[in-house]
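Here's a structure for you.
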Amino acid sequence: MRPSGRKLVELRPISIETGVMAHAEGSCLIRMGNTHVLCSASIEEKPPAFLRGTGQGWVTAEYGMLPRATHSRNRREAAAGKQSGRTQEIQRLIGRALRAGVDRLALGERQIVIDCDVIQADGGTRCAAITGGWVALRLAVSKLLAARLVTSDPIMDHVAAVSCGIYAGQPVLDLDYAEDSEAGTDGNFVMTGAGRLVEVQMSAEGSAFSRAEMGSLLDLAEAGIAQLVEAQKAAVS
Amino acid sequence: MRPSGRKLVELRPISIETGVMAHAEGSCLIRMGNTHVLCSASIEEKPPAFLRGTGQGWVTAEYGMLPRATHSRNRREAAAGKQSGRTQEIQRLIGRALRAGVDRLALGERQIVIDCDVIQADGGTRCAAITGGWVALRLAVSKLLAARLVTSDPIMDHVAAVSCGIYAGQPVLDLDYAEDSEAGTDGNFVMTGAGRLVEVQMSAEGSAFSRAEMGSLLDLAEAGIAQLVEAQKAAVS
Amino acid sequence: MRPSGRKLVELRPISIETGVMAHAEGSCLIRMGNTHVLCSASIEEKPPAFLRGTGQGWVTAEYGMLPRATHSRNRREAAAGKQSGRTQEIQRLIGRALRAGVDRLALGERQIVIDCDVIQADGGTRCAAITGGWVALRLAVSKLLAARLVTSDPIMDHVAAVSCGIYAGQPVLDLDYAEDSEAGTDGNFVMTGAGRLVEVQMSAEGSAFSRAEMGSLLDLAEAGIAQLVEAQKAAVS
Amino acid sequence: MRPSGRKLVELRPISIETGVMAHAEGSCLIRMGNTHVLCSASIEEKPPAFLRGTGQGWVTAEYGMLPRATHSRNRREAAAGKQSGRTQEIQRLIGRALRAGVDRLALGERQIVIDCDVIQADGGTRCAAITGGWVALRLAVSKLLAARLVTSDPIMDHVAAVSCGIYAGQPVLDLDYAEDSEAGTDGNFVMTGAGRLVEVQMSAEGSAFSRAEMGSLLDLAEAGIAQLVEAQKAAVS
Amino acid sequence: MRPSGRKLVELRPISIETGVMAHAEGSCLIRMGNTHVLCSASIEEKPPAFLRGTGQGWVTAEYGMLPRATHSRNRREAAAGKQSGRTQEIQRLIGRALRAGVDRLALGERQIVIDCDVIQADGGTRCAAITGGWVALRLAVSKLLAARLVTSDPIMDHVAAVSCGIYAGQPVLDLDYAEDSEAGTDGNFVMTGAGRLVEVQMSAEGSAFSRAEMGSLLDLAEAGIAQLVEAQKAAVS
Amino acid sequence: MRPSGRKLVELRPISIETGVMAHAEGSCLIRMGNTHVLCSASIEEKPPAFLRGTGQGWVTAEYGMLPRATHSRNRREAAAGKQSGRTQEIQRLIGRALRAGVDRLALGERQIVIDCDVIQADGGTRCAAITGGWVALRLAVSKLLAARLVTSDPIMDHVAAVSCGIYAGQPVLDLDYAEDSEAGTDGNFVMTGAGRLVEVQMSAEGSAFSRAEMGSLLDLAEAGIAQLVEAQKAAVS
């Protein structure tokens, strides 16, 4: 019943290849089916101005999409002269989500910038960016630990994300583009390795939804994120 | 225990004054305690380009804040040369929320622009903008009906919004600035007059949250939005 | 003979409500008939860079207009990505006019920013912004005096403004929009409480004008500004 | 008593060299002492959008300054990414002033763009731009007449401009930079060949001014502009 | 003697993987050693405005670099709000180079946009972008031929590029970053499959160079480009 | 056979008038036939940030064109809000070329900005800007020497530039606009007074070119630049 033939509770094939960008302190190429996102983590020893003198660090994210990541070509944001509202919303979400898994005092006064660039898009790019971004972050922080630049591990837990939605009247896990463009309600869920919630963003594209529908999507998200966390563990081990 | 002395389930005093902008097809000044937002609805007979020839209309929103709506002065976005990511995220939310209550075919090929300008800010400005924006929209659409420019009412239901959060370990309704800046988890909830969900946006500012905590915030939101819908009814009657 | 039925030398009804923006050091809502402008004064303890070390302060102004302050909606300048030439010209005028009434050495090395935001426009918004901006400035400076942050009063005199023009062949005081759009010649006049001139800006929209016509407009302006100064006195007392 | 040794009522040496830009329909290099401005007129057969179908034409102006026209180098506006408020204010003034001398119906549905670029600045650049811009405009319109693209002359009269101010307590004509930076009050005056007023912009830089002072500056301006009109006549004959 | 241990006339290992971006009409990932560039070709059936009605098509290019393609992170151009001069210069070169190999009449009134995004940079990114961009272009045009949208092949010849320079006093082929940053003179050479020149850009970074040195670099370029053309042939066959 | 009647190896008439901008440390108006460029050199005692503490100075250039320097009016870049790719490419070339003739250690920690503004364009503006820019630079550096702000002359040699191209099948020197717009291949050549190469930029506008054609253009450039260097010598002596 799903265009891809997947079961309702089935994720797309996951692949997380690390070390793909030689200069970055941490990097990976995450593939969720046909959605491919390059994630890198760059350590900057200077924190943002508002944290100077606080002893705390920061994690922030930027998001982009290659012009031909999509079915038809999108205008390059650098040529347009600004990032779209959608781009800004997504990168704010990624940064907020990843910070939820970080002890910023343990990180110390430095900043880690996570760049997430979509090479190919088939729905769920922001979730893939969070899941892959965490891997890049984990690898970069491990370098800080190995170099004894931080003494206790600033990473408190895994953070991963998945989208779910009501497609053709059924709750389904990990929407691809074909499903996403038809879904009446969809949501993005960010959770920790311990299964606690970090972000919930649900939106009625067509008609409003009930608390029961919300609950069924949360059930799917919990199941999906548990698998994503396993994939993260495999990638960074 | 709340800085304002309110009970956990108590909204701030609501006031919705209509007709405050003489030129707009619909307008109101909504006050949620010390948060004051001017909302106007402007009807444009031309739909956005992507809807031409579809028979459908559009509702969109823009959000702004006077530089001194806040404790210290913020830079004017027009002088800075761009809208912040936060502003864009909020105005996208307002537009999406209001469209959820509109039958866009019944509206016909026209666009209604909802402008929400914060005169004074004390937390919850995006929620006040949605609740007040709906009133401005309702008034403008009623003019279309009175002028027989539309024949069946494009407004399907009320749409209103409130924020809730975990403050000092307790779930509280309608956060003001003092609470919002301390809350470990908070969320914005948009619902219809019939009590169905339109948008849920929850975020762990400090530590991640459980599904039980999420449920208690939803309970508060349901109770609060029911009162906001009553205030909307009183304002437009 | 005037569209509003006013006499040639008659101002529109004036109302100046103070204290309307809780966070600002000084604020007012000035209404000149259907022209409504929110004015706030924000004290910043840091002067602009070019005054550092001079012992002198600065007063500057910013001007904006809500998109639906006018008959048809104007594009939001923050969304357009820049302030129009008209906006910049107006805010430069407001700042220059208000500085003419301030002893900048007595003010000391700080800056006061006057924000003037037009809520509703019916002609004469820049003049209303100057008259109301002075009230906001006066209230903010009084706070500095009360807090003994300045020792002698930096406000040397009132500053107020009015427009006059040749409408249907007659010199008229305080043009509203209907008159302004038809006037052959119009001007904006800024004067002190003592009746001295601060700014004169006259422009031939249709045909050029004579010195005699200029004189008759100055006569009207003197009469009008005297009344505006009385309204300022009442507002700040 | 003037830094340049000029008499109070003495203009700087005027020189208007025409035909200096081979491609332009009209052009001149105007020199008022050490202030040098290149002015060109470009005819575009398409009027601005707001005039289509009205039978009327338009005259507009743009103003610029070479980075090293001034004592110290100014940032190039094209590199800064925007025109300053001062630039926009000046080019709006030039356009408005020149339109006052044009019969826009006789011009027909076309636009003439006057570009005024300051090569060297020593005060009074906007006035020189108006006086020189009129010459460029006159030459371009004469080409339209010669080519029988217009049948009756759209130029109704000369338009020229000069600045005057109170310098060291005395009213002086045609301020240079040394005087302008010290003047307590100054003004820019635009008049027609017939001696009628087109624009008056007076500003109290230091202390407010009286109507008597205003009158004495107007007297100077009348005398000066009469000479500038003679120079224009000589240049275009 | 070269940091990489390569011989003076030795290219880095070349790899061209096609079909890497599922949505693009043509695409490849080109690797010249540690320089990796993703190239895609997007066919747009609408030509640029200046070619409408001429029967001719257009090929244009855009260039970007992921923020962490380099040793230290560069600011994202979309966030900075503009493309740097370097970026614009490079993308103009790529477009010009590729157009030199295309019969624009045979292409017909359509545009092909080549996007070249540097994933990892180690010198020579613009040359890799041209060589890889040609492959993406070739694949896209082959689709037009296969679909009979064009009848005769618009691709007239291969176009490929390589950099050469004087490093440590010796002419060397295909500079990597370590060599490029030390080279006294370097150049980018674009040639056709037939060995004719399309672009030559040589620049004295340190001291000026002689015609003899120029000749030796051209010799190297000819040899290198012949191998690149072979790699292109292998990739598209 | 050339539209201008010039011989194949004939430059346009050269004129270099110095001291044309009173405020600049060095300036000239260079005329190559109908191409006229104003060049100024501005000394700034502060070097760019990346050179602080290195003991070295910098020379940079900015390029602009008056809107009506060309046959039809071009949009003013300051009004458009950005410099075009062409402008940036040209000003980067000018700066690079002039730096090749400067000993930056002898210059010391200061910056010289060369502004090149095209007053009238008839092809070859970037070459004229380099040749004239060197004169402005030379004059400014001579002031530094005269004032003993530098002790040994930082100018190592002349730098001048000319364009050549294949026009109507023949190699010709110093293309004017009529030739440039028809030329199949053209190039810009920058050389020192000693006849060594600084920059070579050749481009096949129509069909690719051979090394023999490249050689014949270099021969022409050598001859032309020798004459330009003589003109520079005459101008600065």
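Order as written gives the chain letters A, B, C, D, E and F; numbering starts at 1 within each chain.
Convention: contacts are C-beta pairs under 8 Å (C-beta built on N, C-alpha and C of every residue); 3 or more make two chains touch, one makes a residue touch a chain.
Chain identities (UniProt): A, B, C, D, E, F = Ribonuclease PH.
Because the structure is a prediction, the values reported are computed rather than measured.
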item	value
Chain-contact steps, minimal, separating chain E from chain C	3
Graph separation of chain B and chain D (steps between touching chains)	2
Equivalent-chain rotation between chain E and chain D, CA atoms, steps of 5 degrees	120
Averaged-CA centre spacing for the pair chain D and chain C, given as whole angstrom	28
Centre distance in Å when chain B and chain C are each reduced to the mean of their C-alpha atoms	33
Chain A-chain F separation of Cα centroids, rounded to whole Å	51
Numbers and ranges of chain B residues touching at least 2 other chains	81-83
Chains in cyclic order, anchored at chain E, direction fixed by chain F	E, F, D, C, B, A
Residues of chain A touching chain E in the complex	21-24, 27, 34, 38, 40, 42, 44, 62, 64, 66-73, 76-83, 87, 113, 115, 117, 119-120
In the complex with chain F, residue positions of chain E that touch it	82-83, 85-86, 88-89, 91-92, 96, 100, 157, 187, 191-192, 194, 196-204, 207-211, 214, 218
